[in-house]
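Pasting the structures in now, so scroll down.
First subunit A sits with subunit B, and in the next complex the same chain sits with subunit C.
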Partner chain A sequence: MLRPKFFVYLGIFILLLFMPKLLPVYQLMLFESGITFAIMGLGFNLLLRYTGLLSFGHGALFATGAYAVGMMGKYFPDLYRIEILIPVALLASLVVSAIFGFICVRHTRIFFSILALALSMVLYALLVKFYDITGGSDGIHIDLPIMFGKSFEGMKRFEFLSGAYYYFLICMFAVCTIFMLAIVNSPFGKALQSIRDNEIRAEMIGIRVRRYRLYSFILSGLFTGMGGALWSFVNGHVTPESAEWIFSGEIVYMTLLGGFMVFEGPIVGAILFTYLKLYAVSITQYWMLIIGATLILLVLLLPEGIAGGFVKLFSRTKKVDDTGTAYVKYK
Partner chain B sequence: MENWVIYILNGLYFASFLFLTSLGLSIILGVMGILNLAHGSLFAIGAFMAAWVIGSFGAKAPITIFFVGLFAAMGISGLMGLVLETSLIRPMYHRALEYQLLITFGALMLIEDLIKLVWGGTAYYASKPFTVMGNIILGDNQYPVYFIFVVMASIVAGLGVWLIMSKTRVGIMLRAISMDREMARAMGIRIGKLNTLAFGIGAALAGMAGALIVPTTPALLGIGMDPLIMAFIVVVLGGLGSLRGALVGSLIVGETRSIGIVFFPEIELPLLFLIAVIILVFKPKGLFGE
Partner chain C sequence: MLNINDLIKDFGKLRIINSVGFEVKDDEIVSLVGPNGAGKTTLVNLISGHILPTSGKIEFLGHDMTFASPYRRIKRGIARNFQITNLFGDSTVLDNLRICLFSTYGKIKNGIIPASHYRTITEEAIDILGIFGISDKKDLFPPGLSEGDKKILDTAMAFALKSKFLLLDEPTSGVATGDKFKVMDTIIAAIKKEKMACMIIEHDMDIVSDYSDRVLVLSEGEIIASGKPKEIMEQDNVKEILFGVKA
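Coming up: the complex of A and B.
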């Protein structure tokens, strides 16, 4: 049973494969960082849209993935192969998100958000203060990794990024998207949504609420860490700034820009945000004014985000659409 | 022994800023249920305003100029708070948490750049009040009078807020709103006006903290970020929306910071966050939260 949506996805995937031919190198690098943010956004939205928890500290999990790569390069240069680096980054984000999750899921609503923020600032402070290990606020330089036995030594970063790495990234992105689709449509995903909609009722029918929230947090952290690890190669440098709460705020921003009520929303939002931010920075020194004003207008006028707006436009006749009309009611 | 007196006095000095900032944050959180991420920017506005006023009167101006700067800073931050509340925050009361947080996040970015637009990207210095007040002798050490002045000023501000909150009609109505919004409305309290007022008071307190910091630190862009994060910790420690909590929380954080800087400067900041996290795990509502 292949639905029309499947063919749309397939078409987009094929289009993505031709991106290096269509876009100039610089635009392509920007696009790649958008894709890594999109992977992170998928993870973030598992928590926000499907579990009803707003994390204001996801930057720390992103930084964990990125720093895992950086630290491996610094301390185990022999193992600097992408097929080792990605699992290591996932393991690191598993550990960190398990710790964060264990503490955070005891609370919901604004307590959860503040707690996630406080924990992310612990990681940020550690990254800055232990400069002997982490490079402090200068961060760590990320070398080009060995990919499946092929070394890229001596190659320029943009050549690497517009060549083999791009296709690797797109494949990882496809895998992550399919994996996330499977999660949200699985019985586990449905259980999360039932917790989001009515915690007490979910508990009554035998769902272990806190444990499911923890699983959701960890899964979300794994996707975020994956995004961070893949991003580190694109950016070529990791700094503690990605663990700071401002970046965590930007993650929420991206998700809202795309629309968190829609599965594809964070993907659209992440890519658009990357371009919006760079465009704003390039035209004026008052780029924060533009970004901030956009955010305020978005919240006031288009709260369902861009992808959400599209869905709403096309499903106006339907009374209940499958993008989830029911959303957490924060009391 | 004298060193310990200095550490504890320094702790009180840190705590004063934390208290003023977190008191505002806490009032806003308690009365409106909104975590104001733009609070640090209100602090920054106060800092720039005070530094600009004090600096533009030049070196020969009398010390009273400092008070002009202080009140100007409180005025402009309070005004900014009123504008923020009526324009952006008011439509958010019935919206979901993510919108409430994001709108103040947007306001933060907006104000940071407005400051840059108005005052430029340069640093403003206003160290005059600090040098004029001089030092007093404490045992073998000298201690700046200005630090003691700051502690006094924040005690006065704290007392003022406490008097308003516990003795006046407006304060009682504000407390009623923070306890039960719907019931307060049913009792005929005009919630809209009082929300604006509470936001204004909170913002003015942040501006006051900003004005008090400029004699020791130049006003730079992003000056409000650290105080904001610290105020979060204080609010988390003390309990959301509790005046007493803000006081105790800022004393704990201030003293930990002052002593931590001396003995383990490496992990002073992570330690603070860890304390906050531990308290939140065991006392989710903070030390004095209801």
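Coming up: the complex of A and C.
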């Protein structure tokens, strides 16, 4: 039962393993940053594409994962091992997303989005104001962790990132992708999609709508926190800016860039965005203008995003429903 | 099976359901008739938990369900369809039915095994579509179905919940006149086979008298008559309300 898609995924994974040979170190670090955003994008899209909820506060969940690593380094340096740090980051994201989710899923549409935004700004304010604990706006420096008993003390960050950590990151990315694929194709995933399509009917076939939205929010938060934790090692420093609304907006942007209607969309979007932003910054100090302009072009010319446009290109007019209109069937 | 006592529903100052009380026995098929605006759909909404009553009591199989959540009612065995079809537009007909079966069998908690691995559920979904005569449309999306087929799918989805008591709000409205009896035959046969009790809201008096054991007449939020279809049709007040015939 292996589909062609499986081999495409496998091919991409093998290609990813050779990336450190193909890309210069600096490009590779950017790419790694993109991969961590991609993991976050998967989580974000579970809410947007599969549950029908647009969160403008996911930056806070990303920051939770990153700060969990930072705080562990600051307060429990003995436990600064990656196999402990990742579970701790996930636990922290679980707690924060459960609190956020509990409040947010009481509403849908714009009300949900605004609530998520407001809560994320609360976390942002806490991170800035509790200077003694969080380091305030200076943030926290992230040291290189001990990975499975191997210490990287004295090693330069770029060496760490182009070596062992890269392979660890790629494996985590593969695990997250497979896990998310399983979730969206499972009966649970179908239940979420039925809630998105028609919450009244979903309730009337015995799905506890609010509870399932909460589950979806928490799962989304776990992926996002995972992305944040993995990103913190790449970046080497966490600041409250990752919890700010601007970054939350960038998450939405990445997903739209890749195309939220396609499972792989946020992955493509996250990696492209990382490069797009960096090149925009290097060309002009008005880089936001470039980002903004691309967003406008994107919405006007390619509302399905890049991955979505790609899928559409290959499936156009293939499917025609019996009312005679062509539509694209997304996987 | 179902016991309703002194049920009242107010919308603001307007009393839509006024002190309604009746009983549905095991395996019984009851029709609810009445003019437009009598409160029939509101009554269905109250029994299914879509809205909550102002006061009164709804008891199902000895359990108080008056203010229970829809989820609890469905688990106890109350299912409903929708007069205005309420489907999952982005999923195929087959998936519409499969999600109902996943819910029925408590599989929606599973977040790892792919939905396509549940072969028996897929087969059962196709069987149910077969019972209702729309299995050839299983790969279409609901927006591409005719109004009649949408209606049938909606009913099939309620049926797939394997309830003990099925609320059918105008299951044949939108179905072509020539097909109405065929559709009703199908639905009633399926209900009888599963030994379900059923309450049908219907406008077509031929259908009402052919298929129901008992008829309830609702007018302006009150039940004004109850009895065998033939007897009820002869009552003067019923004739006046339903057919506008002055005695």
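Convention: the second predicted complex is superposed on the first by the 319 of 331 C-alpha atoms of A that agree within 3 Å, B and C clash if a C-alpha of one lies under 4 Å from a C-alpha of the other, contacts with A are read in each partner's own complex, and residues count from 1 in each chain.
Note that in this section a residue touches a chain if its C-beta (ideal position, glycine included) is under 8 Å from a C-beta of that chain, and two chains touch if they have at least 3 such contacts.
Quantities reported herein were computed from a predicted structural model and do not represent experimental measurements.
Touch criterion met: A:A182 reaches subunit C, while subunit B stays clear of it.
Once chain A of one complex is fitted onto chain A of the other, the partner contacts of A:L117 are limited to subunit B, with no touch recorded for subunit C. Contacts of A:G206 after superposition on the shared chain: subunit C is touched, whereas subunit B is not. Here subunit B and subunit C are compared by how many residues of subunit A each touches, and B touches more. In the superposition on chain A, contact is made by A:Y286 with subunit B only, not with subunit C.
Applying the stated contact rule after C-alpha superposition, one finds that A:L300 touches subunit B and leaves subunit C untouched.
When both complexes are overlaid on chain A, the residue A:A191 reaches subunit C alone and has no touch with subunit B. Overlap of the subunit B and subunit C contact sets on subunit A: residues 327. Partner subunit A is touched in their complex by these residues of subunit C: 48, 50, 69-71, 74-75, 79-80, 82, 86-91, 95, 98-100, 102-104, 107-116, 118, 140-141, 143-144, 157, 161. Residue ranges of subunit A in contact with subunit C, taken from their complex: 182-183, 185-191, 193-194, 196-198, 200-208, 212, 219, 321-323, 327. Considering their complex, residues 33, 35, 37, 88, 91-92, 95-99, 101-103, 105-110, 112-114, 116-117, 229, 232-233, 236, 240, 266-267, 269-270, 273-274, 276-277, 280-281, 284 of subunit B touch subunit A.
Across the interface of their complex, subunit B is touched by residues 48, 54, 56, 103, 106-107, 109-111, 113-115, 117-119, 121-122, 125-126, 128-130, 245, 249, 252-253, 256, 260, 285-289, 291-296, 299-300, 303, 327-330 of subunit A.
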